[in-house]
Amino acid sequence: MTDLQEVLDEIAAEAASVEDCGVVAQYIPELAKVDAKQFGIAVTLPDGTVHSAGDSATGFSIQSVSKVFTLALALGKLGDSVWSSVGREPSGNPFNSIVQLEQEKGRPRNPFINAGAIAVVDLIMAGHQPKEAIGEIIQFIRHLADDDSILIDEHVARSETAHGDRNASLAHFMRSFGNIDHPVDHVLGVYFHQCALVMNCRQLARAGLFLASQGRDPVTGAQVVSEQRARRINAIMLTCGHYDGSGEFAFRVGLPGKSGVGGGILAIAPGKASIAVWSPGLDRVGNSKLGTAALEQLARRMDWSVFGA
Amino acid sequence: MTDLQEVLDEIAAEAASVEDCGVVAQYIPELAKVDAKQFGIAVTLPDGTVHSAGDSATGFSIQSVSKVFTLALALGKLGDSVWSSVGREPSGNPFNSIVQLEQEKGRPRNPFINAGAIAVVDLIMAGHQPKEAIGEIIQFIRHLADDDSILIDEHVARSETAHGDRNASLAHFMRSFGNIDHPVDHVLGVYFHQCALVMNCRQLARAGLFLASQGRDPVTGAQVVSEQRARRINAIMLTCGHYDGSGEFAFRVGLPGKSGVGGGILAIAPGKASIAVWSPGLDRVGNSKLGTAALEQLARRMDWSVFGA
Amino acid sequence: MTDLQEVLDEIAAEAASVEDCGVVAQYIPELAKVDAKQFGIAVTLPDGTVHSAGDSATGFSIQSVSKVFTLALALGKLGDSVWSSVGREPSGNPFNSIVQLEQEKGRPRNPFINAGAIAVVDLIMAGHQPKEAIGEIIQFIRHLADDDSILIDEHVARSETAHGDRNASLAHFMRSFGNIDHPVDHVLGVYFHQCALVMNCRQLARAGLFLASQGRDPVTGAQVVSEQRARRINAIMLTCGHYDGSGEFAFRVGLPGKSGVGGGILAIAPGKASIAVWSPGLDRVGNSKLGTAALEQLARRMDWSVFGA
Amino acid sequence: MTDLQEVLDEIAAEAASVEDCGVVAQYIPELAKVDAKQFGIAVTLPDGTVHSAGDSATGFSIQSVSKVFTLALALGKLGDSVWSSVGREPSGNPFNSIVQLEQEKGRPRNPFINAGAIAVVDLIMAGHQPKEAIGEIIQFIRHLADDDSILIDEHVARSETAHGDRNASLAHFMRSFGNIDHPVDHVLGVYFHQCALVMNCRQLARAGLFLASQGRDPVTGAQVVSEQRARRINAIMLTCGHYDGSGEFAFRVGLPGKSGVGGGILAIAPGKASIAVWSPGLDRVGNSKLGTAALEQLARRMDWSVFGA
């Protein structure tokens, strides 16, 4: 039987030796100054045991990986009515594209592109002040990770706000079609805080465990979402989790996954493992370069692809 | 344990009672005159046993389902060089859209939209006359289905040719970018014959069995494609197999699948089953309405989703 | 010789008898409540004489007609450097489309679509507070119209702001590409005030006279812009002045013109006349229905097309 | 008074001294081998006198300039019903774009982009064999130029056919929407012959004279089209005559004009002159670089802009 720890150690060693580890996200100074030469990986198994390697205890900005958790939160609060505000089709376009939003009258294609995640935040905010909504999101993620030490990096949140014109454009665009209810600066305030959550690989893998375990946290026993809903979140991660590189990730890795421009990726092997990997250098479409390669290795060596027997 | 035959019988009975079974494809007369009130389903298990219900022995035009087989054939002949002519990302557009082809300089997004399948045919034709290429495709599919009685409906092929302006437009467009080598009428001649293959659900489920069995035909023992390649074909089926309804199919059914406008769908439960369903009525994006609903039922009741534990 | 006053009287009489006068703009309440059954026309000749008919002394919201004046103002202040922020090609898209802005990296196609006019306002604001910029625009237009009574309707300006999400989206989008320097709410504040200027046909025709007179106000003798610049503004009015109906307006009327969603149109017959027409009902692409028909009549009967001998 | 011949001589001398004369069209070998260092200009006045300079007697492939004549021919044969097959708006896209054709269901934006000109040819062909239609077009142009020696270059026509995939794509696309009646190879056969017409500047300026003279050939006295129709053709030339550089041409030159990738441009100064210029080097959007500069000079020095007094 393949030894998981051994595989992780080898993957981490290999990552350390790679020359071209991609380009760190440049759009906000706080992300641009992160050292590209970092790599961490952690795997949480259904029995709660954790294996890890590399910089798995170093915190990073989870950015768009947070969209998985806000989607789960919104589905829990509002049920399938979420789908009247956002679709579940791959977009065939970059993460911040506005073209399809014009063609489809302000309804984002899926909850994992920026526009879709902003629409999900607007839903979560119903009846809440921005601070309350931020609090609800952070509590939900602490609960999932079973770790109350998880925090938001206010510097990153402020920097996102200062450079947030593209997202403001998306939000105003949707609002002009009536698909955003709250004031744009409130919605973006929450959204930028959600993106600025800091987690390490161990925390992130733990937080995603319910998606590998039929919607249930196998350690605490809490049913986070229904089994069917967990499957469906996995399905959207697989078809839409890597922007316009989703097909490529499915092809190479074969697991549901969600990436962030901070270099993190959460991947789910249903029934087998929740995996978090992090390396700040990105590829052409904005997904972690070493992170994707590591997951490809891991899935192959552990035989975890959902497309295999 | 759930009894598969019982489930299939119930699904077929339910299908027979549905009022709104969608709209039969209208773009060629031969398809338009098919009776919408038909429904068949067949499941082939890795041990080769077959279960079926409804009109599972009635032949139908497999149309775009054939794209799975020509992709496998091209990969077998040319290896990964296929991917220099065609991508593997969902398109976010209808099956016959030309917009993305202009933006991406004649390279189709994936092998399952029309442009991509035409590019694959062009690759298969290398060194062949059209008739030989048609012969090679039909032999490959007969081999997969272990059934030499499978034929092409020449009326359908001719009718496609007579109404083939949209596909001719796609082919000439790619050719203007150098992504089609052979004369357009030759390539389309092969393509339209491939689409005009007639199979019934039992034959189709049998032909897809290698994708559920690590690339190997478990009955004859022939290795059709490598295990990794089988997984990757499944991945593309999941992300791109239902045109601009691929995300929805993954969300509802949770299995790799490929649909055709004749109303057929081939779906793969890796390690568990190859499934063919057929009902001619289509939904808004061109996928079988009752067929999708039947697969949703089947996957849920048999617990076959790739996204579950 | 054709008698101009007679022609105007007949045109106004005809307009009064038309049943279908189009649909009043609905996007802000202040415009939606205007009575569609109004029609005014005024013609100023190079010698300063004015002929008019119908409701030519009734004020209306000039909206996008103001873009002609802010373009002239910006060109006067900044010269041809204006063209590094905005192009001069027809867009082939609706007035508020964001698609081309994404393809062309935040540079609007021309100064007469919304995005382009917002970019022009940003240029005018250099070194100014919003109030000062508004003051400069209103002084410039009063100067052109030789009429200090011209005012801004604050209700309309506020209503535009309250319903300004689409324009905010355009502005943030351009700002994300560095093509807007000032804070978006400042720029939009100025832009919405500019659009809320109230003028009647007599004032508007007078204000446009310099464009019919080689850039010079023939009454006061002031050279507003150079002769070449006047011609070029006319050229842009002809190719871009009616959004995605610009070709149609050139075809039917044959004069440079600029429309606004308030139902006003300014048209220029170089060397012959400056014409303002107003009727609040709009056609499908957002141009005054009766206004266009009136200009078509007038140009034909006075033989004023720039495309004739 | 400005001496026209002197101006032309100076313009030709200046053109001969320019270093960067653009890039000759590369898409067919016959055009690619033309010497870029050629320049001719000819002006025909309403009294029939001709002034010229440079290589004004050298024949060249008129290419898309022919679209002006086929539009006039189609309008003469079919009247305004032409406009049900083709629009009259600038496209905001390159000459051979297919994007807008998909959005607008196969109806080209105007008769001067490739798709529009192909649709016009399809109209002209009604009731004719391809050879007859080619004959009718060549006779019409000989009649306009009052010169029976004008011929088609069969090498160019054949070369266009051999490299005609992009135009074939456009034609099949329109045909799939029912906007082309005849077989695509027939329509393209006529279209490629029309583009392969060889004329020199003197012939071309003469052929366009009716557009500067109220639709009438002032030499022969023949009324080619009505006065109103001549104006309208001029209007379309101004808004759509230079593909996605039409706004720029109107801005710089201020005259209706139609360019071809052979490097020719026909420009009309209504009531004053018909002008043909030719220089094979093209700018970025496919219009003659020196030709445009020459027309800018000429219009400015002769004060011929339609936008001036």
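Things worth noting here:
For clarity, chains are labelled A, B, C and D in written order, and residue numbers in each chain start from 1.
The rule is simple: contacts are C-beta pairs under 8 Å (C-beta built on N, C-alpha and C of every residue); 3 or more make two chains touch, one makes a residue touch a chain.
The model shown is predicted, which means the values in this text are computed figures rather than measured ones.
The most distant chain from chain D, with centres taken as the mean of CA atoms, is A.
Averaging Cα coordinates per chain places chain C and chain D 32 Å apart. Each chain gets a centre from the mean of its Cα atoms; for chain A and chain C, those two points are 47 Å apart.
Chain A and chain D, compared by their mean Cα positions, are separated by 55 Å. Looking at chain C, one finds that none of its residues touch two or more other chains. Because contacts link each chain to exactly two others and close back on themselves, their graph is best described as a ring. The touching residues of chain C, counted against chain D in their complex, run 87-93, 100, 109-110, 212-214, 227-228, 230-232, 234-236, 238-240, 244-248, 250-251, 254, 256, 270-271, 300, 305-309.
Of all residues in chain C, those touching chain A in their complex are 97-99, 102, 165-166, 168-173, 175-176, 184.
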